[in-house]
């Protein structure tokens, strides 16, 4: 029998407030408002690629909670499991983001402490939720948001796994939320539950003390834990406005590596969330064609490249247009200058 | 010898984030950014009317602190005593504000807990500060912001008073910050220090349990405490876009009441901060012509009426244009349609 | 057993393109984009008031179809039954709308011919749809959009009725789509299917040739047809920026009329869709408390008044805030100036 | 034989720079750009009402001159006689305008000295120009702009008159350009040339020392000079956002006065240029139906009322929509809420 | 005797609606409005370069027709031959355009069917029109817009030719309007009328089945038909934001080819209409200096390069600034960083 | 004893009006408003880097003067010595600036003649001013603004020098204000007063007729005049959007040259004022660490590079973020992609 969701993700949703492109935060009088959050980015991105997805989160019971729910649905995910906190302590975390051009760097100022999400607990969610999804995804950011968020995440991983869902996890290490050592200890505890593991080369080396070549590092995770798929991305930052992006996927069942030519010359409009868009694309690939990790590579790379071309944390794409992008990326001949 | 400041105020500065006029918060993608805060509104307003003023406050040591300092100076006050908090706990309080038209009401959502200001303490400020001002002003909002803010405010009231400054206080009761009873107990403690007292009729009745007519209530404060001037404003809200505004001032030294015709038909663009603009105008009047409270009434009323016509918490006025507004308000003949 | 939807509506969705407030269409360089359509307005409005609602419609299979679906979900309705038309003939109807102030009048320019909706047919929708809703609503606009739209609407009315849904119909006469006589003949054919009937006094007189007082006219519909509820609204236009609004509901089972004081002094920001917001509110009332038509009057009137204060065809409201508005409308004492 | 232009006007074109509605000039970071000038407003307005019109002016030979020419054509007048000044002295006059709401007044800051127009001289214009128009119009503003502008205006009045054009003149007294006495002396010199004379009651009394009732004053001009038509407008300013407007026209050939009910409750968006829109409407009436001054009254009043509802100095109207406005103004029955 | 127009073009004018730069159509709430159309782009561009030009077109008799006429004049062409269609079928074609950055591609969605232009016929235009222009231009787009448009175009080509005008034609092949074969058959019929022929290399090969090198292909057209000038452009698309552009012109009378160094590193803001800007520049060159096709190459290339740097379909340039651009393009020394 | 200001600069402040990025001045309806002026740019930039700075200038006594003073304080300088001119001649100079992308060039149109600044004279400033600053800076632009400005500048240089201030001077040659020969004669007169001399290589060659290599030219100034420090910048313009920037400083006391690697690949948002930002950075370096000219090179280069990334004439930077930029510029290893 078909489950209601292909993918449920657990994570905090934040407001993002940005001055107009090229303007400084300290001198602005206007802010563009976006919503975002690593796991919402994944849920919405995968939703845009055709999966039925939803976000498990906790929001203040105010106009800001309404705003976030409206945005969740707008961007392609479900808000059925977005619970609300009443009372004066309820708050929505937020961050300020200013773009830049070389040699100035983009900058982020966080204001996410004590958000309603930090007080999330499993009791607020219905028992049926755990049986409703084919895959559950969360990231290291959720684990780093405090005791309640962490225990809720671990509890949910176990309960979803029991109900037959695949467990996906993205390390997504953030040095401003916890130390590398805290991260390592915590993540090594949950790795036995993980089926699909996203980890960058830098994090593998610095946090998990891995050594050697990237493929060997990736395989080593799959040897130590019952992980089916390990994915690692590689972004090269030429300037705030110009990046390259590619990825490598290792499948432990066939002991095979998958990759394609990276996207060169990405003209970056907004880089935030492009890593999450990769996860969204890769999961969309794996959950629709588990035997074909190359599809996950293609969808992940294209989704990430495409995300860089739109403002906001969330991607804005459709499966047909990503298919065209992949086809043109693989084509060596002339391609149309424009879609008409 | 002349003091460096005519007026220093103590209070929290908040970001205010508003959707475009007429748009709902839950459906917006853009926010106008203003800074505000009752005591900044007073300092900036009085600065615009020609006083040398400054704000005593505490801000995060981030781009947001830079933003606020830039705005303080821009709007006409000094930022010399805006100290900065470093570290991850530093945050700038904020609130969301949406305008409305009848029958919908404007709405505010606060997110100001745990701001850097709440951890303010006298040690961060130089001893010379207390001798540098002719008048010190704060409001009940500061007292309601927790133990540290309250004790700092009381300490500063005493220290400024010792150094010869007049002490001004606006009750500014906010039911979402403390109860009426908490406010009454706390404010009755500081009233012996107060020279200039701003209190609305409603607050006098509900919080201080005063009864009788407004003039008698005002006089009763001056009898119970060594207050020189009691001021009370009266706003009539016809609709979110149409208000009237007037005020009454009682001077205890001459046992006299001062008032003028209220401003009828104020076409309201943004009502927030119009009470503080009144305080700014009244203080500008009193501190430049102490013997003439009618001047304080005129400046206060005009400043408040003018504030309603501009967006943001802060007024935007100059003394010459307020003088013209007062003259036209007092004139019975035809007045120019436009200033050219 | 609970049905999946409280309300499904059938109708065309249009783009609405408007110059900035106060600017003329013939001189603009920017357009605000809204989506709308009488039946979407009803579905979204009722969704915002807590019903589970969806729109049955037909859209081009282009970015414009994506845009509309994103907006449908954003505004609070479901897009499950928004089917897509491929090919070069697929188009999204649209209209241009410019606001005005007296003595200039607002103006509309339609460009909705040959839209994908006009080629809608029942075959594109799943059989299960008819059993999934407690109520089905459409309006005279759908009937006026050509042979296919009309026969589809009649077919669906019958099929939903067979499956136990209540049938709601709003005459919504538009002289630019058909003549009064065409409307009368067509609507009289479907009235035997209708449970809830929305008809303005003017339309009743001009189109259905009714005479006498409004209450008698309303009752006469319920005598001639098996209609349970007849609702009629009354808007007074003082100027493009100032309206009054009230309504009357007749319940045939109890032979009783329901009404409340009209909303006076509505400060109109955007009048389009306020009639549909009334239908949304009234249906939200009837479908949650069928025995209490006064609730439908209150919700309908408040929803319509509130709609006038926001830009776009669609309302933007929540049930809690509409409850407050109703309470204050019924209260004779002082009410808060602002929600905080 | 038909002349190429129905109306040529002579006058300076200015840039107008305005902060967004409701914002103060001293605190803005954005300016809306409009072009305007009394005589351009007349030429464009009359052009929008169907006359073939053009403006005789002088502009800098820079991008600003291009900008003005583009706008002249955009708004409905011809730029054939907009000559250009090269060199470093060339400049475009400008003014800053901020709107307001009560009790604040709108404000204007001029920066128009030494503009290219001030150095205008007849030599720059082709001889054929004088025979190409049925009517020539200018205003007291042009006369007040210095020796060159004044002598050019007088020269052109004579030359156009010789070639059979009607001469129209609007006093348009501006106290910041010259004194009343200067104006009187200068204008009395040119009145013998004038066929159509626009003069407000105030100016007639204060500048021309007329006494008695307005109709008598108007007739007195026609007795002293060979003027055919005298027109006088009456605006009542209830607040910056609410005006009334009406006018009176006296025809000397029939010794008759013409008027209609004034427009009450004009919801003012932007009042600048509404006097010139009246002139445009009145001239459009007179030049298409000289025997029917009531038509001039109706067109003038409606054009002026309509101008108040759009931003910028220039009207934005079409003859069909003004016809509808006049019909509804004269109608006592119900009128449509909206044009569709 | 001098003709009234140097150039008249025949073609449809479309609205273009675009989300803000970098935003997706499916997620926007605002649209920038431009007007465009291959032949308007040519007429306006040539007008900006000093020719007297006008557009022959057909528009709805609504505010949208007003909007287009205002824009035509604003951009530098005449609207004398823009006729209007009354009635419910009248519509203005439009298209949606979103920009992009690599690897995403710009996208166009058309909604131009059944526009008023499609029902154009020669009867609506005055006989004098044909004698009023030195050159008549249209493109393959007009031929592809249906039977009426095609027969009108052919009729006008013949009539203008009879009156001594040069006939210019741009193939401008659009695969979404007709097939290559339809185009070939139709165009081969009109080539005997054509004096100036614009055809890209790709189109020559794919549609006209030409083979060999480009210069030979170009000459072959001039051999088969009495064409005087054949022009072919070459754009290289490095990314949506970076293009190169050059062209080749063949003159049959002297059997000579003309070209210059292409513009490398064009920083593309908006590529739409840059091909038409080339035609505008080339015609401006040919019609002012027929014996000097190199001038046409220079003006065409510079106009096209310049068009890429401004938003909208229409160029925005003046002859003096294009002269400077050509001079700097031909100069090998240092050039100014800025025009001041 | 500490002086009140580290740096006072003398110069005109101008409004700068710019169409939105990528739009042409001749076709815009909106202008962004910035303030600027070479010496304000220096004062504000140095203020942002931690110096206490102020601007000596003269402004009209209108809302425009208020606007400029608000901006001066907002951007980090003091407005104590911004005097006001009353009366009808008072005006604020301004200029229009449009950005561009290749091959189009940015363009400036000046309108600065007869500004209030041109009538500046020493009498308007208090005697105490001359003793209040450690350094006085002005530029060749001030000298070129006419007799009054020049004599005031020379007078102030002398008076500040007498009071012990260092004198800084930037040649800043502008060919549209005076000829090279006028500049040379005038500047050679004031060079005996100058301690810190900013002069570009081109100006040294063309205006001062220097020959040989740049280091030799720089040293020659220090030999001919008692100059302590000579600084020369080098910008390479790859396109309007891509520059490189570096500089060379010569210290005469140690006869040493200082430089660092230039900034390559500056992604230019707005180039105006980047030369002044260099002066600001260099002076911030010299005035805080006179013995370490390399610090001046680093601060100057980074400040200039950073300025290019923000809109407006004025930089927007803080010392901590410039320190990070310098550190990363000197680092050869990987650097963070973003500041968080």
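Letters A, B, C, D, E and F mark the chains in the order given here, with residues in each chain numbered from 1 onward.
Keep in mind that, in the parts below, a contact is a pair of C-beta atoms (placed from the backbone, for glycine too) under 8 Å apart; a residue touches a chain by one contact, two chains touch by 3 or more.
Bear in mind the structure is a predicted one, so any value in this text is a computation, not a measurement.
Chains that touch both subunit A and subunit C are the following: B, E. Interface of subunit D with subunit E: the two copies contact each other largely through the same residue positions, with over half of all numbers used appearing on both sides. With centres taken as mean Cα positions, subunit F sits 39 Å from subunit B.
Spacing of subunit A relative to subunit E, judged by their CA centroids, is 46 angstrom. Looking at subunit E, one finds that residues 24, 26-27, 29, 66, 70, 74, 107, 176, 318 touch two or more other chains. This structure has the following touching chain pairs: A-B, A-C, A-E, A-F, B-C, B-D, B-F, C-D, C-E, D-E, D-F, E-F. Across the interface of their complex, subunit C is touched by residues 66, 70-71, 73-76, 318 of subunit A. Residue ranges on subunit A touching subunit E, taken from their complex, read 21, 74, 263, 265-270, 302, 305-306, 308-311, 316, 318, 321, 324-325, 328-329, 336-340. Of all the residues in subunit A, the ones that touch subunit F in their complex are 22-24, 26-27, 100-110, 176, 237, 239-241, 271. Considering their complex, residues 17, 24-34, 62-64, 66-67, 70, 88-89, 91-92, 96, 98, 107, 109, 111, 113-114, 176 of subunit D touch subunit F.
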